[in-house]
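Below, each structure is written out as structure tokens.
Common to both upcoming complexes is chain A, partnered first by chain B, then by chain C.
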Partner chain A sequence: MNAQQTNTAHTPVAQTVIVVGVSKVFNVGKPSEVSALTDINLTIEPGEFISLIGPSGCGKSTLLRLIANLIEPTEGAVSVNGKTAAQARVDQDYGMAFQQSGLFDWRTVQKNIELPLELKGWDKSRRAARAQEMLELVKLPEFARHMPWQLSGGMQQRVAIARALSAHPQLLLMDEPFGALDEMTREHMQAELLQICDVTETTVVFVTHSIPEAVYLSDRVVVMSPRPGRITEIIDIDLGRDRDQDTREDDTFYSSITVVREALRRVEDGTAGVRPRSGIDDR
Partner chain B sequence: MTQRGIQRVVLFAIALFVGALIWELYKVVGPEDGGSIFGWQLIPKSNDRAMPHTWDIVDRLGQPESAALDEPIWRTILGYSWYTFRLALVGLVAGVIIGTSIAVLAARYSIAERAIMPWVVMSQTVPLIALAPQVVSWSGKFELFGWEWQRWMSVSLLAAFLSFFPIAVGTLRGLKSAPPAALELMDSYAASWWRTLVKLRFPAAIPHIVPAAKLAATLSVVGVIVSEVSTGVTGGIGRAVISYQQTASGDPTKPYAAVLGAAVLGLGLYGLVVLADVFLMRNRPQEADA
Partner chain C sequence: MSAVTAPDPATHPGATVASSPSGVVQKAWSIAWPPLAFGLAFVLLWEAAVKGFDLKPYFLPAPSSVIDAFFSNIDNVWSAARVSGTNAFVGLVAGAAVGVALSFALMRFDLLNLLVSPVAVALNAIPIVVIVALFSTMYPSTSEIPRRLMVTIIVNFIVLINVSKGLRQVNRIHLELLRSLAASPSDVLIKARIPNAVPYFFTSLKIAAPTAVITAFVSEYFGGRQNGLGYFIPSNFANSKTAIAWAYVIGACLLGLAFYLISILMEYITQHKRGPAPGGA
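And then the complex of A and B:
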């Protein structure tokens, strides 16, 4: 706790996320004890798009949950927007989106988007206005009164993004949000997500196991290795900020994919014999 | 009414008809004075005293309860049913409140779950008839919020004793059925346990609560009738079944008229739960369910 406070004092609001010396051990002291993350250091600048990639078991989702303060680190400290992660969660400084859209079946699309605002105590008309604004942002303005189960998977995921952004957080945490979508919808959603983040100037931490997805979306790709989870490389993606569907044909796009793939191969070599297959999606 | 609704009504009518058909068929083929298998009287008597014709039962509904009355017996029985229905409704509501409270407590504190749930299960092994005289004897012995404890309250309480059980078990399962991702989402909003209960766990539990409430509704009716019978509370259908039974030798269709009344009241309470179900689930994805 002390380390966290000192850390905050030294770094004002400049960085969105600062992870210092973080380790996470689950089931401490039990036979099932497992070390999920070891000595993680990561700083994320405002407006950055960061992807976490690595084989299953590398702790990328755990790292995301540590930033979200859904779990506490065993060692080290996490700060978000210059506050402790715990305070940032209470202040709803970030929005979250998961692989399953996690929309509530019994609420209309609009009411789903309003959920975080309800919990913040906003009044009805203010909530409705914001929900409409968010629906326009994700290009679903005429679906306010639909029920989630009446929408396609891609549309549901857009609603989930609208919900995550409805309180206008500066940080968006996404855990394989497009993992369940088909390839075409997925590419479309990626392009749309970039546009949304551009408009809203949102910082994004994005967990994925798809190399092209990570490269297409990110300013930096964080490569992680399993057992125990740690960061092996951080790769800058030099595609500029104006990315569209043509970017996927770009030479830099391909060369970046190669760089990330090779980094992941090195991860595999390091643990060769432990895990013959990586679970990395090469699409 | 939806097509599915019409279908259900037609199916219900067919089921009634088939039931009557089997009854009459048995009267044709079954032995007049029944029969025994290995010395046990297992084969029902099919004579008109034990099993009157269905049309005689229907016809009896139009006759007065006794020669001294003008009113056809169906209206008298409806009055008894209405009395029992109200007691059963109070019992059901009390059962829902008690059952839900237990479920919420158990979902909130796992220690409460381990402490209470065994008692909840054990409570159902106590025969209602053993409890009934005790509880009914409370009447006039104490006051609750300035109201003197009445006999009918005891009867409703006994009904609640049966009906709270499925509600407690079903609601607890429902409260625990919220998907982990949704719970994590509420956590990410730093929502308190109670707000998570109201916004997420309860709505997610409705599909589990409704079938439990259907069971509770029928149990509540059973509870009221059994309590009426075993404690001699008058005015309800339970007492009517007993007193009509005493004149059955001379008027064999009369007890059946009362049984029909009990069935109608059971269906009525069940229907209320179905209406609540339709209302609560109106915006949910449609699933096949009974």
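And then the complex of A and C:
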């Protein structure tokens, strides 16, 4: 259906992310115990762009953090690049970007991008060369020596993406990265992100609140419902891989938005039934 | 996919920050002249009041006679200021060193933090300086150590509270990011916690520097050798040599100002690249 054919350079066989029977309960055994995720199954192929969408409290950020191994599942298992999520984190198999750019304001733009490479123990000249390459990728080549506070919000977010991709991970995990940007900047950033992922053949898991954003970016949109968080539907978006600003006026774009919106409405109504386990990841 | 060419719509604010040196001087002057004019007017009014109401010198000396006393006693004022300045400086450096070391220890050992932090906050709020009298009984009467010890203790708590905050209140995203990059605890310390604490450290120095000078004066007043500004100011007042006492007060003001300026300068040198300071106490 999508991807796969372009991804022979890296691990050719394994799925990028496999989530099997994952549940997450916070504050186990305390009065504040809350079940964030229940019985999540999800497989992500190399090169895919997946969005997680759903109302607040549906656990989409939690799912992203489980894949990132920032938290451990209460039940079930997560594998990334054929390894445990923990090993994948240690190996820096993924990059991560957050809603706030999270740049270090005492570091120049270049030094921010070099951070993952510093932790990998790269030498200075190799780091600098990669940082410049990443700056060109995100179209900020002349800003290497600027300080983050001298950049606009959109530029800061681009630097954060450059940082996330600087070690050339195959997987990019993004938690509402464009949530704080204005609409026009946001649309630019979305188009650029698709372009970057095209060039770098990166698999993306993208958490968002925005239906058009999810549809525009994704190969598949994962719709989630709250209390407890679970996957109710996975919707294929048939917009092809070549998407540009005109895609936003495409009929398929609108009809896909409608499909996702209706799925979310079923979540709100509570009519989105728990589908049998075998059906959830059935494409 | 078509190329997206348009760069970010927002302009980049860094370009507007720099301005010409003459513009800086002009701006400084526009800020400085009202308080300078006010100060000058106050001194002139004081002079006029002393002359006009024929106030006795032992009650309130005229500014002209204070300035006169200041310059005719400049050597004495200078040597007293050197004693007080050294006491304040030694205590400031020692207190900052101990405060920084202790805040690292508190960050590392939670139990220690639980024990020390509330005490530090409480001690910061009370006039602990009076315990210098206790120290004075522990050392020979000619020793400067009790005074320096007192300054050290007070500076230590100011630095400790602020630097601890800087080491702990790290941006949550920075911590998540570093965890996602499999950073070790020492990486987190070096790459996030320490740089985050730097502005807090300079903020604490800015508070601590004038406090160190005041603490030195008060400590000198409480006994020990009769050599610092904190001794000469009250003793001259007590002997009705008010003009000379005021001359020492001028010396004290200049010393406090010098300490404050040095701390501001240090902060500027290390911080101006960072832009608007996020931290602070």
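As a convention for this text, the second predicted complex is superposed on the first by the 257 of 283 C-alpha atoms of A that agree within 3 Å, B and C clash if a C-alpha of one lies under 4 Å from a C-alpha of the other, contacts with A are read in each partner's own complex, and residues count from 1 in each chain.
The definition used in the following text is that contacts are C-beta pairs under 8 Å (C-beta built on N, C-alpha and C of every residue); 3 or more make two chains touch, one makes a residue touch a chain.
In this text the structure is predicted, and so the values were computed from the model without any measurement.
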Is this a clash or a fit when chain B and chain C both end up on chain A?
clash
Which partner does A:184 contact after superposing on A: first (chain B), second (chain C), both, neither?
second
For A:242, using the defined touch cut-off, is the partner it touches chain B, chain C, both, or neither? Pick first, second, both or neither.
second
With both complexes overlaid on chain A, does A:192 touch chain B (first), chain C (second), both or neither?
second
Between chain B (first) and chain C (second), which, if any, makes contact with A:152: first, second, both or neither?
second
According to the stated criteria, A:227 is in contact with first (chain B), second (chain C), both, or neither; which is it?
neither
Tell me which partner A:100 touches in the superposition: chain B (first), chain C (second), both or neither.
both
More chain A residues in contact [chain B versus chain C]:
C
Share the list of chain A residues that count as touching for chain B in one structure and for chain C in the other.
68, 70, 89-90, 92, 94, 96, 98, 100, 102, 104-106, 115-116, 118-119, 147, 149
Using the touch rule from the top, collect the residues of chain B that touch chain A in their complex.
179, 181-182, 184-185, 187-191, 195, 199-200, 203, 206, 283-285
Which residues of chain A touch chain B in the complex?
65, 68, 70, 89-90, 92, 94, 96, 98, 100, 102, 104-106, 108, 115-116, 118-119, 147, 149
Under the definition above, what is the set of chain A residues touching chain C in their complex?
68, 70, 89-92, 94-96, 98, 100, 102, 104-107, 115-116, 118-119, 139, 146-147, 149-155, 158, 173, 184-185, 188, 191-192, 194-195, 198, 242-245
Where on chain C is chain A touching in the complex?
1-4, 6-14, 17, 171, 173-174, 176-183, 187, 191-192, 195, 198, 273-276, 278
